[in-house]
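What follows is a pair of complexes built around subunit A, which joins subunit B in one and subunit C in the other.
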Partner chain A sequence: MIAGLYVPGESPLHRLDVGVKLLVLMALGIGLILTKSVLLLILVVAVTGLLFAFAAELGLMRLWQTTRPLLIWFVFIAVAQILVANAETAGLIVLRLAVLVWAAALVTYTTRLSDMMECLIRIIGWLSPLGVPPHRVAFMIALTIRLIPALSDVVQDVRDAQRARGIENSIIASVVPVLTRVFQQADAMSEALEARGYERWDDQRNNAP
Partner chain B sequence: MNIALDHVTVRFQDRPVLTNVSVTLTENRIGVIGDNGSGKSTFARLLNGLLIPDTGAVLVNGVSTKTDGKEVRRQVGFLFQNPDNQIVMPTVAEDLALGLKPQRLESEDRDQKVAKMLERFGLSHLADRSAHLLSGGEKQLVALAGVMIAEPDIVVCDEPTTLLDQRNAAIVMSVIGSLPCPVITVTHHVEQLAGFDRVLVLADGKVVFDGNPKTALSFYKDSLA
Partner chain C sequence: MTARDTVLIATFAALTAALGLLPPLPVPLIAVPVTLQTLGLMLAGCLLGPRRAALAMLLLLSLIALGLPLLAGGRGGLGVFIGPSAGFLIAWPLGALMIGLIARKAQQTTLMLFIANVCGGIVVVYAFGIPGIAVVSDLPITTAAFASAAFLPGDLVKAGLASVIAVSVRRAYPVAL
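And now, the complex of A and B:
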């Protein structure tokens, strides 16, 4: 859901500084934990939804697509909370989750990954006295995001190949071929990275005044 | 360009894959053909130091791949067969920007260079697209743009069109043909060799023919008979 899904656009939310967006997201997260008012939460849900669909021009359809895979979890959590606590707690938790998911998706949809990375580099930069290499960390995050769809392709391919041979949905039978392919791909990718000069990235920084 | 292979031998688990190869490459367009397993990829990967010979040496413009692989890789760009392995960032523009990393540009200069390169390759409309979702031909062009943005002096391509249909193969080959630097291309598509200055034929880890494309092709076809 969150994977590198920048949706190009010119909305005010697209243009808002990444740092501000991340700060608001963080503040929102903290605020959500602190608040106990269902009414306030409903209001925040509505505002987030409106921002998502209209201010960011992402549309109701995308809002639904973002929410759909999680609905089952929402229901599950709600039922569990009603059983162990009460309806109000259930409502609180589900509303908090909805806001958080929508807000996080809103930030990912309206922010280029490279901008997000630059911001992250700045933040991790404060930790570099502790020996954390900001560019490497940021690159690893980006690479991971890039590999998620590739991985699901591999799984799909292996499944298809097995179904063609009459093996239906055997997770166990697909583990070995999937891992083999993934390792091969990782090998090829690290070679390509070497060819593209990965080892030189740090040079200039070392030489910089 | 001057790439010199001096008595190069490569072994994998004691099995020789290239045996005592000595050639000097100076031409602008060089092709490499040969059967599966004849050592073409091994040969290609020697040229930018992704692979170091077990014996002998590879010098790129006088720089040894063994002692200064980093510098060699700065000079020699490499286009792989499968662009999925070469494209490492989520979107097209971000992937191109990666090739500029060593230059440590301001983000505006960087974006401008990326935009220029995208335009040069006719990819501007794909800038913000997820690289994962492009067509095979588009992916290979993105991979090549990612190579070219680092401004290499030489480009090596290992079967750049094998995964493409004929139309896209032709597009990619014509873009490769128009690159402003010397190019060494490994290929299975012999018809692509027509305009080349020089063609090497590999068999069983040896250079069995070295000359103009026409003679190389008839040599290769005879060897199949």
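And now, the complex of A and C:
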């Protein structure tokens, strides 16, 4: 199994309802787009950072890990903004981006995968009049989570076989056998599903009132 | 939707995730790391057809949003949909749809699939990605386009690889698009 990004904890942020967290995140996003005050933004950055590192007990290390992939963007945006506008605009945009990414990561880190999934299925439930079946989405999500380690195994197997032949660096020689095996596996799996009445279950759920 | 469609959609979502776990492709002359993840997007389009490919990418994006670290480099969660490169991600389902549509109509030759991969995997993806950078960083669209150009050589290499791979796989394992 692959692990989610959720960090177990007992903080108030962990216990807050997913729906509430997502609504606050959306409100924050809209609010920040409207603000033009750097001072206000610095305040929001500080509050979000403190919530992230201490209130949610995620620590400064994880805050840094969340920020690191964005550093190159911060530099690019800052340099380009100073060239086309001024330093104040540059600061505004970099700070706004940092807060939004921190807040979004905060939601991800403090929410269990199962709670997120329940929330997604509930949202898809609202779309079911449009013909999106929640039970099938849930099934496919579970199937994909199960398949990722299985596929990594296939990739590893094929890479080992190619290394034995001395062609490990050829992407084409690696990916083609991976794909043919993956298709064979998919065929076997769909037969297994059919044999267990998947399509009938699917139809019944679709026609259920 | 048959059981086979369901399995193939989940399989290609998982495969694209697994390709992100592989070490990045070294491309000479440019310093930008080229991950193999968009290879999954192109292969899905060429091998599954428009509908299943788009759904596979949508499924992968849902898993990332739910909090699984499935993007290259172990990134994931809601934050990646807010960052400057969010536009590139959001375009994946549409890109796969476009590749599938062209691949279905065209002859299954390396050249035609290369054209399909360039249209869907590069043109469509950049058409969302570049405005995405421009909006998030509040910069002119030309600056954003200039910043994205660094990724173009790598993406062209991947479009070529995906077409060669797709032709061989289809020969070994034909699937109706």
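Just so we're on the same page, the second predicted complex is superposed on the first by the 131 of 209 C-alpha atoms of A that agree within 3 Å, B and C clash if a C-alpha of one lies under 4 Å from a C-alpha of the other, contacts with A are read in each partner's own complex, and residues count from 1 in each chain.
As a working rule, a residue touches a chain if its C-beta (ideal position, glycine included) is under 8 Å from a C-beta of that chain, and two chains touch if they have at least 3 such contacts.
Everything numeric here is computed off the predicted structure, so don't read it as measured data.
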Which superposed partner A:D160 touches (first subunit B, second subunit C, both, neither): neither
Partner chain in contact with A:V175 - subunit B first, subunit C second, else both or neither: second
Touching partner for A:L143 - first (subunit B), second (subunit C), both, neither: both
Partner chain in contact with A:P8 - subunit B first, subunit C second, else both or neither: first
Touched partner set for A:E88, first subunit B, second subunit C, both or neither: neither
Subunit B versus subunit C as contact partner of A:D17, first or second or both or neither: neither
Touching partner for A:R200 - first (subunit B), second (subunit C), both, neither: first
Comparison of subunit B and subunit C by subunit A residues contacted: C
Touched partner set for A:E118, first subunit B, second subunit C, both or neither: first
Subunit B and subunit C footprints on subunit A, overlapping residues: 3-6, 113, 143, 145, 150, 185, 189, 193-194, 199
Residues of subunit A that touch subunit B when the two form their complex: 3-6, 8, 112-114, 118, 142-143, 145-146, 149-150, 153, 185, 188-189, 191-197, 199-201, 203-205, 208
List of subunit C residues in touch with subunit A within their complex: 1-4, 6-11, 13-15, 17-18, 21-22, 25, 36, 39, 43, 47, 59-60, 62-63, 65-70, 73, 75-79, 81-85, 136-140, 143, 147, 161, 164-165, 168-169, 172-173, 175
Residue ranges of subunit A in contact with subunit C within the complex: 2-6, 25, 29, 66, 69-70, 73, 76-77, 80-81, 84, 89, 93, 97, 100-102, 104-105, 107-109, 111, 113, 116-117, 120, 136-137, 139-141, 143-145, 147-148, 150-152, 155, 171-172, 175-176, 178-180, 182-187, 189-190, 193-194, 198-199, 202
Of subunit B, residues touching subunit A in the complex: 48, 50, 70, 73-74, 77-78, 80, 82, 84-91, 93-94, 97-99, 101-104, 107, 128, 130-133, 146-147, 150
